[in-house]
Each structure stands twice: as structure tokens, then as C-alpha cells.
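My questions all concern the structure below.
By written order: A, B, C and D. Residues from 1 in each chain.
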Amino acid sequence: MSNLAAIVADIAEEMRGASERGRVADYIPPLACVSPDRFGIAVVLADGTEYLGGDADEPFSIQSVSKVFSLTLALGLIGDGLWARVGREPSGSAFNSIVQLETEQGIPRNPFINAGAIVVADVLLGGGTPAEAIAGVLRFVRGLAGDERITIDASVAAAEQATGFRNFALANYMRSFGNLHHPVEQALGVYFHQCALAMSCRQLALAGRFLAHDGRDPVTGRCIVTPQRARRINALMMLCGHYDNSGEFAFRVGLPGKSGVGGGILAVVPGVATIAVWSPGLNAKGNSQLGALALERLATRMGWSVFEVKG
Amino acid sequence: MSNLAAIVADIAEEMRGASERGRVADYIPPLACVSPDRFGIAVVLADGTEYLGGDADEPFSIQSVSKVFSLTLALGLIGDGLWARVGREPSGSAFNSIVQLETEQGIPRNPFINAGAIVVADVLLGGGTPAEAIAGVLRFVRGLAGDERITIDASVAAAEQATGFRNFALANYMRSFGNLHHPVEQALGVYFHQCALAMSCRQLALAGRFLAHDGRDPVTGRCIVTPQRARRINALMMLCGHYDNSGEFAFRVGLPGKSGVGGGILAVVPGVATIAVWSPGLNAKGNSQLGALALERLATRMGWSVFEVKG
Amino acid sequence: MSNLAAIVADIAEEMRGASERGRVADYIPPLACVSPDRFGIAVVLADGTEYLGGDADEPFSIQSVSKVFSLTLALGLIGDGLWARVGREPSGSAFNSIVQLETEQGIPRNPFINAGAIVVADVLLGGGTPAEAIAGVLRFVRGLAGDERITIDASVAAAEQATGFRNFALANYMRSFGNLHHPVEQALGVYFHQCALAMSCRQLALAGRFLAHDGRDPVTGRCIVTPQRARRINALMMLCGHYDNSGEFAFRVGLPGKSGVGGGILAVVPGVATIAVWSPGLNAKGNSQLGALALERLATRMGWSVFEVKG
Amino acid sequence: MSNLAAIVADIAEEMRGASERGRVADYIPPLACVSPDRFGIAVVLADGTEYLGGDADEPFSIQSVSKVFSLTLALGLIGDGLWARVGREPSGSAFNSIVQLETEQGIPRNPFINAGAIVVADVLLGGGTPAEAIAGVLRFVRGLAGDERITIDASVAAAEQATGFRNFALANYMRSFGNLHHPVEQALGVYFHQCALAMSCRQLALAGRFLAHDGRDPVTGRCIVTPQRARRINALMMLCGHYDNSGEFAFRVGLPGKSGVGGGILAVVPGVATIAVWSPGLNAKGNSQLGALALERLATRMGWSVFEVKG
């Protein structure tokens, strides 16, 4: 990995000067006012070595990247019983599509589209309150990253709550089929707050390490999930992590990844590293334009595609 | 790989006795009359070592597994220009669905659903005749497998031709959008014949080796495609190779794979091996029931998921 | 019309003994506990003569029949501007389908499917409160029927409010496209209350007279809507009044009609009569089984189809 | 009807000068080369009186208007058994949509969308040849109009045959579900030829008279269909005769009507008259722009909507 530092530095430099930066999400003010000029990248190896570039320490709204962590928590709570309520196939539709819920009786295609993540949030409620569930998510992510400074941006959560009509539609629709077990407001309360997690690339790459290392923190050896579960979450990220752009991401980058509308992407190189990138400008499918490009270049230069022959 | 031989033997034995064997495709007589008791498996390592189990040398109709080879050929002919005519996203629909073609103006979602493979067949026609295109596919596959005994089963092709009304519908529909450049009968002629390739597990695993080894035949070193293209075909197999069951296959097996309605599956372990399995009974989604189960067991016991930490 | 009395009596008698009565709506208790044995019919001629049969004076929950009255009111408020927010084509889908709203950007197909009627309710809010809008609907219907005894069943409205998740989904979904101008709760408050109007067949037939008589009350001569608007509301009832069963109703009965899940149907014989029938058992499409049958027999025996040569 | 002559003359004059004439169908040369300046209108009363305006005697390609005649013939052959193979609901989709065929297992929504008319053509084949079936259609229409000069334009039929890929797709798709009983080429042969019927407005209005007069030729008294069947064909025309523009036509014109892509529309005023209009420019939904406008003006001025109080 001698040249990894140089490659990360190169990419950060290239992205700083990139002209086509996509379009910043503008559906809520706290996202709309982020500068499209930001770019950050963090790579964390198994031994804990970190390679940082650009705004790697700047917290941003991780949005749907949080779905990886909430899924992990929900599987911890109810195990494979979750799959009776959420599928694990690519949807072939946009992240907020409601069409398949009608033909498939309120069962979302996978836990990474909005509808699926709302079911996951409903699971996280368990027998507790929304505040307890949200605290649990925050505690889990802080523990994974080993960083108590991670917070939830209340202004983002409030803005989502005030304008998230499509998510209210999805939640009510699933409730009509009995696939939410708590009041819509509670499940969405958890969902909006988890999406409002503010993390830096560095924190995100640290928090994702268990996915790259058979379910364990590679430094402390602490077991987060079983190796099989880690593998399967990676598979879901690979097939569904970029909504109806997942094929393109697999084609170009070849790594399990999960994007968020805040411009972050978490990617996993099994056995080797985790990578987090952030650039707020989005492509037409709602994924970070420069984030995906940076990952493509990094994966190519390092030979990190899971479809590649390992030296 | 000391215990691979034992594992392959175990699995062949387990599958021999399995009771839930799925349902043999019965839409054409040549497929319907294959015994559900058949099961074969072949693993070929980089150095050419072969591990065979069950009916590994019995030729069967590879059907849609052929789409991997025709895609490879078409990319060789027109390169990335192909992607203007075929997408590379999971469809979220059945292999023979026509719905998305209407909303997406005759552009199939990916080259592995029927519509996409018919466009690929249209590309293979180039300026030649169907007979020439078919001969080209056969020559290519024989060359890959190093086996001149591979043939096309004319009775299968004829039966498809006589009853393949849905494929005629797909082809005519795409033609109405200008996305077939040759007469429907010609494109389908190529398509039906490529699907009628009869190969054994051993031949199939041999023919797929370039996908596991950066585009080269690992024994002769002959370059079939570039490393990047090999990687990308693997990505497509991972995301779309089992139609609307691809998520499940990735979740359970974690390898790029392509299934066929004849009961065959070709799977790729990048840098390590190719695997072909065959059992004619299909699950509800049209993929080999025991084939997928055998691959799941093999991948688990060998630690061959691409999402797994490599020792 | 000498034999109309006899025909109405015949039909009431036939329906009393009918064995296939459909299935009573059971999604809310106040509807579920209505006896399937009920049947009522009321015919009111231009001169005010009434022919009543069965439970013609028994109030029932008119549910979606109310959409005719709320549409009339909304057109009075904003005129043809309404058609920028609601279409006027049959939907080809179920009454509560959400699929078309996604492809058609939050614009419902017509004012008689749930989504369309919720937009109409939003229009009725105007600058006032839900209570004012509801009072306006009640006042309008009482005025049309000339009967101050008509009420809204608060227990029905409350039950809809508590369980109407699909309607909440529809409303939130349209709100996300900007096609509701008031809070979802307010628009649905109006909608649920209008659907909870309790009226007898007699009251309903009286209230609908303006539709049969060029927009006027044929007895007092009071103008409710212009002749053109009356004609157009009839056209909408003919094409969309029975959801995805409208073709069947036109085919069998041949009259503009609007059904409700409470088992009521209001039908219009232009220039001649209005008819209201009620029987709570529904067919597979959610329309009154015996109500439609009674109308078919009445229309046939009286030669009342709009497609029929008038003697 | 004293002023009908003047109204017809007025309308012909108004349409001659209209500037927004729509867009002439250009998918086949024989249609594309018709001048958008043409306009014809013919009204035929019960007693046989004819009112003609503009190019009322000019033959044009009646295209989908023919579906009314082929449906009538098919019902004569197999009666209500037809409804097991074709629905009678508005489709909510474009005339050539294939989407619903997938979810509804090859059963078209109604006999007036292309898929439904192809099933009807398949019925017309019966045990005979395409030539016999086509001859039967021609004979039927000639008999209805009392005019042996009516012909089928072979150049139109040939052009459709050569380019009608979407119709080939629809036919093959239905064949895959067993809902065509003859070879696709035969059913389409009948279909393309019936659509190529060349008739003038006058001939068309004459041929449709049985629909306005309880199934009889009002002059000779000859019975073509029962009164009930006439009524029901009218109902189908009202609900489905203008594809996904049927609501608009009912809303504006208020008469059963059937349009064709050649620019013709046949409309029925039950008990009173038949009307045929022709102007080749089409609106966005594929219906004659000026034809519909002319019918709206005529129906309004004559008070001919079926939803209108009859003096």
C-alpha cells in the first residue's frame, strides 16, 4: 500500500479542480446550503492506518448511508425474521418509488430504498420510544467509529419531518398493508433522525470497518456481526446500495457501497479497507457525482474491485 | 485447495439425495423430458486442475448461460457502443417482462434479460447472415473451452422458434423503436440457436475461465478481453445474472453467476476458479434449485464469496 | 310511466330474495355491521313523483356517492380551473391505486377515484376551516334534497380517520407534488366527513335531480349548475363512476352512475328521472352487487339506457 | 331538424378555415401524404335524409373506426363468448400499450385498443382463410352502407404489414398466452386489411345507422343486431372509443364515437342520427383534432349529447 497515500492525495487534488460537480440536493435548506466545492475522502486499512484527503474531517449529513447501520442493528434485533417484511432484490425503480409497494402488497424490495429503510426503522422501535430508538442508533454508530463526537443534526431531521411527504406516503401505504407495527409518525421519527446523522468521511470509514473484516473491528477484534452477516450486508450494498444506479456503480467501481443524498458514499473492500467519500453534488440518479468518480479512480488504481484478480 | 476434491464429492453426493429438486422447464419438449434426477458440478482452478462431480460430463442445454458468451462477443464487435442500446441495471422484473420496454422506449435494462440478449444477438449479425453469426458463437465457445465437440442442439432451437411467441413479441416491440437493426426472424434465429448450445459442466467451467482471470485463459495466457472488461462482465453477472432473483443469489452465494432455464449456472471466483453446476429442476424464479444450493454450499465451505475476507 | 310503480315493486321483491348478495365492506366497524339483507330503491321523476321500494327511507353511508356533490361544489368554487389539478379520464385502475400518481406527477386521473376526490376536498377548503368546508357540503346536500334531516355520521368519519392509511398515503403523495394546498389532515378531514354523509335512497335520488334536468331543480326551477356542467358531470359519472368497473356498468345499465362502498348507487336518466339504490353487499370491484343488478333490470324494463332509442 | 343543414354548412365552413389542424399520421406513406386541409362531415337521420359538408364524399382510410364493424361481426359469430377473451373496460393506456397484457395475462382491456381488435380479427378467421375473413368484413360493410363501391386500400394494408412491429409484438404476446387461436400472420392479415378500408364520411355514416336505431337499418327495417347489442356497442364506444382520450370526448361531445388514425370519427346519436367526420390532422392522443371539434360544435348546437334533456 506504499503508494496509497499518493493516490488519495492525487484524487483529492483532481476532485478539487473538477468542473462537473453535479447538483446539490435542494429539497431542504440544510442540504441546499452546502457548497458544491466540498470534497473529502478517507481510507482506513485493516491495521487502522488512515489516508485522508480534502475535507475528510468535515461532518456532513450522511442521509441514506445510515441505512447500512440501521439494517445492521435491526438484524441484530430480530435476525432473519426481517426478511419477511423486506425483500433483498434490486428494485429497478427510484429510491422513493411507491409503485412496487402496490403490486407487492406493502413489502419493499430491499432495506436500502426509502420504503425498506422505514420498515427497518419500525423494527428499531421495538417496544421503546422513538427517542430510545434514535439514541440506540447514535450509540451504535459512535461505538463503531469510536468517536463520541458524532451527533444528529436536529435541524435536518426537523426539515425532513416538515417536508417529507413522500416518505409519509410510503409509510402510510405500508401501514395500510400492516407492514408498519408502530404509528407512522414514530417510525418516520426514527427514520428522519437516523438520516440526519452528521459524520465526517473519517468517522464513516471507521464506522464501516466491520463490513470489511468479517464482522469484526479489525483493531480491537470486537465482533459486531457474524462473518456471514457481514458478507450478506455487503451483497445487499453491492446490489441495491445505489438504487437504480447500482448496476452502473458495480460496473464502474466494483465494490459494495451505499450512497446518501447528502453526497456521501461508504464503500467496502473486503479484507482490505473501507473508503468514505463526500461531495455534495449529485448525478441524475441522486448519487454523489464526484464521490462515485473518486471511488472509480481509487478502485482502478489500487485494483480493488471485488471482481478483480487479487495479486 | 487440498480439501476441494472432498467438498465437491460431498456436494455431489448431497445433491444426489436431495428431495426438493424444483420443477423442470416444460415449455418445450426437449427440455421437459430431461430427468430431474440429474446433477453435475465442475470446478476448474487457475492452473487447470479440474474437480468434477455427478453428471459433470453430460451435455445439457445451457440456454441463458450463453448470454455471457454472446455479450462478450458483441462487446468485441462494437465495444461500449453497445450500451447505447442496452442498459446495465437490474430490471426488477421477470426475465421475459415487456413492461419496461414500453416506458423505456425499447431499451432493455441489461443484456441478460431476454430483450437485452436479443439486442446482443442483433449486434452479432453485423453484416452477415444468421448462419454466420451462429457459427461465430459456436466457434468462440469451442475455442474458449478448447473443445470442438460442443454443438448446438437443432431440435431445441427449432422448438424455441416454434413456440417462442414472447420472444417474438419482445423482438418486434424493440424493432418498433428501431432498436433491432435486422429482421426480427434473423435476430431471433441467432438468439434461439445460441440458447440451444449443449455443453457439459466441465465444458462450461472451462469456457468461462477468462472471466476469473482478468480476461485471459490462465493456462495459455491468451487474452480474450481486457481485465477491465472481464471485471465489468462479472459485475453484470453479479447484479443481473439471475433476473429478479439476483439479490438472493448474491446474498446466499456471493459470486458473479449466470443461470439458464436448462438448469445450468456458471459462477466465477475471481482469480481462483470457475464453477459450473447443472440440475434441471428450477425454483419459482426460473433458476436451478439444486444448482444454487450447491453453489451456496461450495462458496461457504471454500470461503469463496467475493464479499469475504481472503485469508 | 304507468307501470313504473309495478316495476319498482317487482325489483324490490326480487332483490329481497336474491341469494348472491356480495360481501359487505368490513374495513371499518360501522360499515361491517350493516346487514347484507338490506335493499332499497327510490325513483324520482321530473314532476317530483316518487316510487319507493324496500328500505328506501333507511339512511346509509353514501361514501363515494358524495364525490358527485363535492365535485359539483368545487366546480362552483373554481370552475374549470379544477381540471389543471385533476384529469377526466378513466383510470383503468382500482379506486385507491397510487401507481398512476407516480407516473403522472401527482395529478389524479379523475375526480371519482380517491386521489381525485381528495384534491376536490382540498379545493373545498378554500380559505376556510375543515369544519366550515364540511358544513358547506352538508348544507349543499340538504338544500338539494330539500331535507334538513340529513346528517354526517361522526362514527364513520372517525373510523375512516383512524384506519384510512391508504388515503393518507395518497394525500401525502399528492402533497409532495404540490397538488394539495392545505395540510393533509385538513383535506382528509373534509374528505372523510363528506364520505360519512348518511342518506336514504329517497334523499339521494332527490339530491341528484339537477343532474337529470339540465342543472335545475325540476320542481322549483332553481338553477344549481349550467346545463353544460350538468351534462359533463354525467359524462364523468358514465366513464369513471364505478372505477375499473365503469365499462361493465355502462355495458349493462347504460346510465351515468356513481357508486359508494356503503352499497349505494346514484344513477341519472337525463330528462326523465334519478334513481338511487342501496344494498350493502359489494361485488369484487367494490360496487353494490344487487344495486347494479336492480339498476340493470330497471333500465332494461323502462328502456332507460342513454344508448337506447327513445320512443 | 330544420336548421341542421345550416349548422352542418357552418361547421364545414369553420373547419375549412381552422388553423390548428393537428398532425397527420406519418408512420406509413399512404397516410402521411394526405393533405391536412381536408375536412368532411356527413349526418344521416333516421328517415335517411343526409346532410353533407366539405369532403363528405372523399374516401379515406377508416383505420380503427373499422373496429366497430369487426366487433359487430365477431359478436355475431361467437356471441358473448367473445368476452372471455377481451374485456370491456377503458384501459387507461395508449391504444398500442402492451403493459396491461402482461399483468392481465394476455387479455386485452377492450375490443377497441389494438390488442383487443387483433383478438377480434382472430375470431373473424373462424375456420376460414384470411382472404375469406377479409372478404366477409368488406361484404358486411358494403351491405351496411348499401354501397358496393367501398374497397380496401391494398397499399395501406401492405404498408402496415411492413412496419407494424408493435402490432406484431401485441399479437405474439397474446399468442404466448393462448389468446390467439390462429397464426399471428393470419390474424394480423385480417386486422391490417380491415383497417385499410377506404370509406367516405357519407358511407361511414350510412354504415353505422344500425347503432343509432336499435340494431336495425331504419329505412329497410333489416335487423343487424338485437337492440341490446346495439346499446352495448354504443356503451363500449362511449367508454373506450377514443382510447385514453375517451373521457375528454365524452366530456366535450357526449356521444358514443370511434376514432381512427386516418382522421375519421363515427359518432352515434341514439334514435336520431349517425355522424361521420374526417380531418386527417390528429391531436396528441391520436384522434382527429378538427373531427372532435366539429362533433363538439354539432352536438352542442343540436342538443345531441346523450346526457342532455331531450326537448
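Quick notes on this one:
As a working rule, a contact is a pair of C-beta atoms (placed from the backbone, for glycine too) under 8 Å apart; a residue touches a chain by one contact, two chains touch by 3 or more.
What you see is a predicted model, and the numbers here were worked out from it, not measured in a lab.
Touching chain A and chain C at once is no chain at all. Ranked by separation of Cα centres from chain C, the top chain is B. Computed from the mean C-alpha positions, the centre of chain C lies at a distance of 32 Å from the centre of chain D.
Rounded to a whole number, the gap between the C-alpha centres of chain B and chain C is 55 angstrom. Averaged Cα coordinates give chain B a centre that lies 48 Å from the centre of chain D. Across the assembly, chain A contributes residues 103 that each touch 2 or more other chains. A complete list of chain pairs in contact reads A-B, A-C, B-D, C-D.
On chain D, the positions that touch chain B within their shared complex are 97-99, 101-103, 165-166, 168-173, 175-176, 184.
Chain D meets chain C in the complex at residues 87-93, 100, 109-110, 212-214, 227-228, 230-232, 234-236, 238-240, 244-248, 250-251, 254, 256, 268, 270-271, 300, 305-310.
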